[in-house]
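Common to both upcoming complexes is subunit A, partnered first by subunit B, then by subunit C.
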Partner chain A sequence: MCKLFSKYILIRGVFIAMPSHPSFVEKYLPYILIAPALGYMLFFIGYPLIQAIYLAFTKNGALSLENLDYLLHSPFSKFYEALTNTFLLVIVIIPIQVAIALGLAMLFNIKFKGRNVALYSIILPLTISDVAAGLIWYTMLSTNGFFNKLFINLGITSEPIYFFGYQFRQMEFLAIVITEIWRATAIVFVIVFAGLQMISQEHIEAAEVFGANVWQRLRYIVFPMLLPSLQAALIIRTLFAFQIFGVVWTLAGRDIPILAGEAYYEQVELKHQGVAAIYALVIAGISVAIGYLYIKLFKAKYLEAGT
Partner chain B sequence: MSYYSALTKTAAIIIALIVIIAAAGIGYYIITQQAQPTKIIWVSTQLVPPEEQAFVKDQLLAEFTKETGIQVEFVGSSYEDLATRLESEEGAGKVTISLIGELHGGLDYFASKGWLEDLGKFGALSGRTFPKVLEDYSKLHGIKAYIPWMTATYVMVINKKAFNYLPDDLTQDDIMQGTSKWTYDAFLAWAKRLYEETGGPKVGFPAGPKGLFVRFLHGYLYPAFTGAQVKNFDSQDAVTMWEWLKELWQYVHPSSTTWDAMADPLLKEEVWIAWDHTARIKDAIATKPDDFIVVPVPAGPKGRGFILVIAGLAVPKGAPNEDAAWKLIEYLTRPGTQVKVLQNVGFFPSVNEATGAVPEGPLKILASGVNKQLGTTDALVALIPSLGAKGGDFKNVYITAFQRIVQNGEDIQAVISELKPQLMGLFEETGAPLPPPDV
Partner chain C sequence: MVEKDTSMVKYYLFKIIIAGLVIIAVLWVITPFIISILYAFSDPTDYYSKEIIIPLHYTYEHVRKLVALGAGTAIINSVIVALMTIALSFALGLPAGYAFARFVFPGKDSLKLFIIGLRMFPIIVIAVPLVSLYIRLGLSDSLLGVALAHTAMALPFVIIITSSIFAGIPKELEEAGLIFGLDRTGAFLRITMPLALPGLAAAAIFTFIMSWNEVFIAAVLTLTNRTLPAFILTSAMAATDFIKFAASFIMILPAMIFVFIARRYLIAMWGITLR
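Presenting the complex of A and B:
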């Protein structure tokens, strides 16, 4: 009963309970509403997370750092290479994707004939799975593939360009970047484009009245108002980029080791569950850190923009 | 009628009903018990993927049950699960498994533990002959431990165009028959000539992350150059072998490190010569049977090393319905059944009569190539060691050696000396015996 009342007032020697405000239901409703989601998270994310930590740091039931030692010091571990390559891929791919997506979104904001058709064809790669996208580009870039045949027939090259193989890791890297840009720029584009359409024309027209030029309108109106969408797009894209697997696996195998690929290899081929669990934890750790960073970085500006 | 007589009557009726029901129940139980067909449990680590299991249950076993009335419950299992189950059943003296389908390595272990019945007591199976190598391997620890069931191996596939670029003093017939001239040095000369005269590498290996190139290293090159898979890992012969591979690698298609199976590169003509598991090149031959030929692998200084995967059928000691299990073994080793297995799941027969029974077509090309390799006079059969969960680490030692020596150009002796203890450690840790031809 007490929980229902938050205040007791002394009136003429008698305690009178005042109904609390907000009421019981109002107070706990949010918790009740998020309970199913929270339960789901606990069961499907919390529990596996604890399992992963257990797998990573125990051996035969006892606490052990053997897996960590293997990860960091074994001649068979490719952890540092994988970490470097994953960061390199993210650093190269994300800025290009954001730039292209922004440019395309601006372009599509202008109404022109055939806009819808063009829009759909840009979004199309989004519907293709990463492994399928990898296979498509692998076939096109292989020595007997479409591009090499095209280049040779046009007389651009006389010998096929090798895109794949350990000796050509730079080219493999390039192939991965091309495929990822082709495949996943659309998700950034869709979010940014939606954000762009949300911006009221009134703001821009007002700026025009005050004599702002195109650059100023972009810099002081469009860009700040676009930041929330950009934040969402960046979080989604960057987190997925750290989990990159299918495309690299099909295009470069283990020539270019990456975190998720090594996790898979350790688990499936080598049966090192603990080591695979550490890889998973590292990816999770990076994802949480990046998510936090983005939210921190973008939030202040978002509030400044006053929307 | 008095109250009591009515009660007695009712009681009599009730008792009569109980007796009738009980009698009917007992009768039904006896009848069903007699009519209940024999049911045996067959645990297999082979043919476990869903589509293969479907073939076993819907076709193979359905026919067997129709013929003999024996029902078989096929249980697909991992090696670890089978070993654990067998150990506990044998330990408790309460065996439920009647038949085991496993690879040679696992059966070797079971036999060493005394868990397997000596199949010699059932006599010989008429109308079929097993190749000598299979007969020899199936006798383990003083008993006839298993009946060879299926085999698989890795072979070379050649696009017939490549024969136009043969090096001097090597003929097409040498290669097809696997004569003493078909050596790794001759192969290197051929690869070099192909590279120089066609303007690009024409040899390929499945050296991708899921490819089986590692089997070529430990089961083909190592036995051929050093006479053993494991024990001569860091020998002088091994240094010669790695030098040979480094030289060959200049003429190997660089994309090899991204290929998991060779059927596609062969069909796209990215390469003309490829080595791979029979199951992974079957598609190429099935699609263009006129373009390709399957040949034995080359020989090295110590012989023609190649891996033979042998799956065998064994009966656990104290198994229920032994005779039914033996009937199933008889059925599974019939040439007709073996051809069906080859056609549906790509495992090769273990009896000579079956190879002859394979109908003309792509499978015949494969089967005859496999048979020629088995029959070469300098054959040096290597078996995959049974390291259980450590099998991945075993492969990783050879892959790492390859990456460091051939791809990164590190010092050969230094790398193999560094890795040898890791390799031997795996055998010490698991207690597994060194695989043939090491012992």
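Presenting the complex of A and C:
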């Protein structure tokens, strides 16, 4: 490619290279290396966004609000339901996930036998798709599923609990919440656990020397130092929670409409490209707002970390 | 965080509580995996019997039926898409990751922050508008089209992971190579690459899993050439319970094998990419 060093001088029996004047390629090498990736991403995010706006607000090449009108006013559109359900799921799921992940991180911060094996088990749901997670919990909760049989045989219930079907929508909602907690708590856990491990033991020991009890050590040392990881986990999880699709679609279909599910339905089943595009834009808008918050809050932290 | 001066009783009580909590947590995560795998091979009579919670008789029939329905082709499609995604995202992402790890240049921090920001972008929303572009480009319903979109999804992660892998390899080794007469390309290929290879292999597995698991883009962009999750989402939902169980088994199997192979790397990688 290009030679960085052109001259060599002899010092203590070793040839040492002298830097030459950098060529054009040498000078801009990092930019040349980054440009293809950046260009690719800008195209694959920028073009679809512009295209989505075009699809959403034009009809036969002319400006039109027909899609928006369908979205907001058509009896076939479930936009408000989808928006409500998506927000409701996020509001219900995220606090539970954060609480469980925090507790788990504290638990796994204690050294015990078999910790690594337990750690790998806890993280397993991270590796499977949301569709698979939905199907797994269908196995657990269906009428002839594991929990119903277990409860009936233990005498806890006499009749099976019905989780699926339009008339049991509230139970479907519960099934989705359970599945999401099972599937995605691990993401929060990994981030919080990593943050917890970064806290130097010396700080805690110093507090111990000065007579701080367990609660005081948690309250005044661990929690403040854990806060950045916790915030990061919270925002990443929230971001992905707004894109929830596979779990809902496998467990409830359109019984519980959600934003991504409606986008899929309008696009694939009804061929309403423009309406699907508006759903895409709504999800993108929510995500950009949360992402902006993320960058704003953590800019300093990333620049500090350096890697 | 055991108090040093607590009595033995208190100490053992603490230990028992910890063990109990860990067991509950592990069981909560593991049980659904085990049950769904057992049910995927369960004999129908065992499944419909109210008394039998853990099936006693097993059959391959459900998995065989699912494969006959088209899951076999879908698995092959998924593998092809994932491999294309790895090739594309590494070809584009590796140089960028290297640049972030090795060079100091104006605008580096902003560029890196921008890529971290792009990682946050909900890639599923690009699927809908891409449909019309793909029709024009002749890519509609093609595996390459899905792989191109998956590359856009995986690229920020590949850049961040490879950058941290390269940053972990001492720059001095490369400089030594330069002194002894290698040029930059040679130093990269003959010194840095061999050292980075295990980490890069794990990153490839990470990318494979990302693509293998993705369902929304694949389901929107394909009609006949379904990947496995898209096939299951569209076909298996109307099928009997057993087909659903078999479907979840087929979907989780490769991911779990890969995770077992690369488990040490994967935890570190999730740490890096999610931070």
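Just a few scattered comments:
Following the convention adopted for this analysis, the second predicted complex is superposed on the first by the 254 of 307 C-alpha atoms of A that agree within 3 Å, B and C clash if a C-alpha of one lies under 4 Å from a C-alpha of the other, contacts with A are read in each partner's own complex, and residues count from 1 in each chain.
One rule holds in what follows: contacts are C-beta pairs under 8 Å (C-beta built on N, C-alpha and C of every residue); 3 or more make two chains touch, one makes a residue touch a chain.
Since this is a predicted model, take the numbers as computed values, not measurements.
When the two complexes are overlaid on their common chain A, residue A:144 makes contact with subunit B and with subunit C alike.
Contact comparison for subunit A: of subunit B and subunit C, C touches the greater number of residues. In the superposition on chain A, A:242 makes contact with subunit C only, not with subunit B.
In the superposition on chain A, A:48 makes contact with subunit C only, not with subunit B.
Contacts of A:230 after superposition: neither subunit B nor subunit C is touched. By the document's definition of touching, both partners, subunit B and subunit C, reach A:253. When both complexes are overlaid on chain A, the residue A:127 reaches subunit C alone and has no touch with subunit B. Contacts of A:164 after superposition: subunit B is touched, whereas subunit C is not reached. Shared-chain residue A:105: touches no atom of subunit B or subunit C.
Note: residues 138, 142, 144, 249-250, 253 of subunit A belong to the subunit B contact set and to the subunit C contact set alike, using the contact criterion stated above. Within the complex, the subunit A residues that touch subunit B are 75-76, 138, 142-144, 159-160, 162, 164-168, 172, 249-255, 261, 265, 269-272. Of all the residues in subunit B, the ones that touch subunit A in their complex are 199-200, 208-210, 253-258, 260, 268-270, 389-393, 395-397, 400, 403, 407, 418-419, 422. Contact residues of subunit C toward subunit A in the complex are 1, 3, 15, 18-19, 21-22, 25-26, 28-33, 35-36, 39, 47-48, 50-53, 92-93, 95-96, 98-100, 102-103, 105, 108-109, 111-118, 120-133, 148-149, 151-152, 155-156, 159, 163-164, 167, 178-179, 183-185, 209, 212-216, 219-220, 229, 232-233, 236-237, 241, 244-245, 247-248, 251-252, 255-256, 258-259, 263, 266-267, 270-271, 274-275. Every residue of subunit A that touches subunit C in the complex is listed here, in rising order: 1-5, 14-17, 29-31, 33-34, 36-38, 40-41, 44-45, 47-49, 51-52, 55, 104, 107-108, 110, 112, 118-132, 135-140, 142, 144-146, 149-150, 152-153, 182, 186-187, 190-191, 194, 204, 214, 217, 229, 232-233, 236, 239, 242-243, 245-246, 249-250, 253, 260, 263-264, 267-268, 273, 276-277, 279-281, 283-284, 287-288, 290-291, 294-295, 299, 302-303, 305, 307.
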